[in-house]
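Let me begin by presenting the structure, written as structure tokens, before commenting on it.
A, B and C label the chains in the order they appear, each numbered from 1.
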Amino acid sequence: MSAAADSIGLGPFPGEWTRRHLLGLEELSPAEITLILDKAEVFKQAIRRGQRRIPLLDGVTCVTLFFENSTRTRTSFTLAARRLGADSIDFSASTSSLSKGETVIDTAKNIEAMDIDMVIVRHRTPGTPHLLAQNLRASIINAGDGPHEHPTQGLLDMLTIRERRGRIEGLTVAMVGDIAHSRTARSNIWGLKKLGAHVIVCGPSTLVSPRWKELGVEYSWSLDAILPRVDVLNLLRIQFERQYGRPFPSVREYAHLYAMNAERLAKTKDDILILAPGPINRGVEITPDVADGSHSAILEQVTNGVAVRMAVLWLLSGVMNRCPS
Amino acid sequence: MSAAADSIGLGPFPGEWTRRHLLGLEELSPAEITLILDKAEVFKQAIRRGQRRIPLLDGVTCVTLFFENSTRTRTSFTLAARRLGADSIDFSASTSSLSKGETVIDTAKNIEAMDIDMVIVRHRTPGTPHLLAQNLRASIINAGDGPHEHPTQGLLDMLTIRERRGRIEGLTVAMVGDIAHSRTARSNIWGLKKLGAHVIVCGPSTLVSPRWKELGVEYSWSLDAILPRVDVLNLLRIQFERQYGRPFPSVREYAHLYAMNAERLAKTKDDILILAPGPINRGVEITPDVADGSHSAILEQVTNGVAVRMAVLWLLSGVMNRCPS
Amino acid sequence: MSAAADSIGLGPFPGEWTRRHLLGLEELSPAEITLILDKAEVFKQAIRRGQRRIPLLDGVTCVTLFFENSTRTRTSFTLAARRLGADSIDFSASTSSLSKGETVIDTAKNIEAMDIDMVIVRHRTPGTPHLLAQNLRASIINAGDGPHEHPTQGLLDMLTIRERRGRIEGLTVAMVGDIAHSRTARSNIWGLKKLGAHVIVCGPSTLVSPRWKELGVEYSWSLDAILPRVDVLNLLRIQFERQYGRPFPSVREYAHLYAMNAERLAKTKDDILILAPGPINRGVEITPDVADGSHSAILEQVTNGVAVRMAVLWLLSGVMNRCPS
């Protein structure tokens, strides 16, 4: 393993990393988050130099256990695992035995019994990854648990901000959109605040409650009001396919008040950075000119997603290997 | 290949193994079954020592051709193939051309024409694997043909019994539940009887016919009646999702008469072994305390499943390689 | 790379190949088509000699992005990629974010941002691969764009004809069936005519328009009329599952007029070659005795499909590597 690590300049395994699971950013220290981002940058550079096989996880078997479909997140994890030399298998939960009355823990324990080392899980129920971490010996990675956390999404957003702005501390980052149902919002909030950013959550009053102040963030119902002082905008999708009880009168109304367009861009700081955890709805939360413009880092986020996941898999597997259970 | 075989203590390829297909346990000799179990133990130990890549099947391509969904059986075969260095591809039959009027044999011949060496097939029609074996040059492995056979399930159950009890000969093994529709029951019966066990099939009279005596097994409609003299219990699922015409009044009624619970456990031999070919319905055929208790070997069955499938793939590929067609 | 190329007699990378995408056969020169067929033969022979791993595309990542299901075409591409040492990932478009309002280009750009080198795309809209080629840096391979083109199908048909008949020039090739909706027909027409074959399109008048003459082919509504002078028959499926507005009175009527059966076979040239881009409907466009008879090359087409795709992936990747973008 050290030869492969040396070949990309990764250095020795960091002794200060002691976690076997990645369940959320809420529990990580600023130093741990920074460590992941630092290692992710090393992996990103190696991939960019054409090193597509960095066999640090040879003999490790990962399973993606997604109870909610997400082709792109699953693909990103799969690529991260394979580029590290791990074997990665999709366990399609929707066609599996859950429909036959099996519990989630039984399903996961059955997978683990096939000598699986890491389980990457997405489930609509908050806390599912934590439940698995308590009951399995395998490393558990939270790939989204309902509206709770999606830590690798938070990390890839943070890596993108750090790369483009050189730092996170002192920046004002606004999360805009459906804050109420967004695990991306929560993971970003925890991570960004730990690294010293000021966070604003912004959206319709039906989706942004004053109670968010309790998490130490500012809230606003008006994008135009906060725009001039924002350094980074993170435009969350309105999940129209999940909406019921209509949190706002219409898509048109939403776009009128919250879409990032050329007119609004003119009112921002010159160096504003615009993120969006795809898929984007062109013309709803963002107009095409802004999405494809120089302030947007949407595709860099995707690239950084693979790098962040490689760093996470590598760090967790290091602890796994050193502390056999 | 011999270096990899030596490295795990597998020994030379056993000349007495001459089969190119695994269609069922009915046709195997006691010596052949014992050979598979012996080799499976070697693979299991190697995996347990952390040898996740044993490149005995390099250059071999396997296809899982499942006309019925079964994520866990498919995953087990896929892991077995990959750990042997084979390439394994899922051919999702449900989304394939069968809906366009193609015959099963044509589908399989098309797959084989891509230079596929082994086809692992599940189909609801008994005899489908045999039909493919007659028409293809590839090795065929039966992963379940309707209610007929599921030989690797039978083998993994037998490996678990042999490991936990040291032998199979002379044991009394009861299969409990939906015997009528169970391929697991049939494969266990053939295998266990060949190795000298006494087998009882037990369940509601609607699911257990007196005609099972013709296969040389005892039958019983009362779990409580047979419990004191049983060494191994194999608790089959009631496939509620497939039931029609209700073979018993209610789930509650079934659980009352056939669920393995603490009360019944107290009436068994002290060293009783409890198996269940998951997914289990906690509270139906087994209560959680028994499923998670010390008599249960449910998760060991899953682990043994990968080992048994590695042994089968290796044995079949050896014959395949030596007798090119 | 050159060691692997040498080991199978592939020779140096052909400097005359300069394309980064394979969008259709219409745009290829006769020399380019011949080059692909020549290299496909080299790969086919290597596979047949048992060389299942020819690591010419190590470190290359391919994605199959299929917006229409096609298990067999996808499997053929996947095998081709893996046998060349490339990593291949299925991106299941049907369960992906397109249902969430994302554009095709955004989906593809997101995939590319994960450092994907080649995108193999199938979409019901003609021109989708061309759109991606204009907007992405990755190599794009058209695996079927509506009724427009399916170039690797055309190439595998041509390889099969060349192998069995020794040449393509001067042969009379009839495409029979649903010409109107067939991308296979279009790709064959472009390819065959470039290499000097005479092409006839034949089928019911509702599916074969006189306007096909504009592509330089002959048309006929009577199979019996053209049968005596045909060297190769390519029997297209009638896509009953897609039909609406019934282009002919009944399946029986179609079979009566266009099915290739023993009676019609007796009226053909002695050395007639019969192709069919599966899945076949036995008893509709072809009877079982003809499908399984000595004139049929249906399964060779499938084998040649993997070889042709290996050649295409290798050629495109060579240009990709030499001209980094």
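Throughout what follows, a residue touches a chain if its C-beta (ideal position, glycine included) is under 8 Å from a C-beta of that chain, and two chains touch if they have at least 3 such contacts.
Quick caveat: nothing in here was measured; it's all calculated off a predicted structure.
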Fitting subunit B to subunit C on CA atoms, where both chains share a sequence, rotation angle to nearest 5 degrees: 120
Residue-number overlap at the subunit A/subunit C interface, same or different (half cut): different
Computed distance of Cα centres, subunit C from subunit A, in Å: 40
Residues of subunit A engaged with two or more neighbouring chains: none
List of subunit C residues in touch with subunit A within their complex: 58-61, 63, 87, 89, 91-93, 95-97, 99-103, 106-107, 109-111, 113-115
Touch list for subunit C against partner subunit B, complex: 47-48, 50-53, 69, 71-72, 75-76, 78-79, 82, 237, 239-241, 278-282, 284, 299-300, 302-303, 305-306
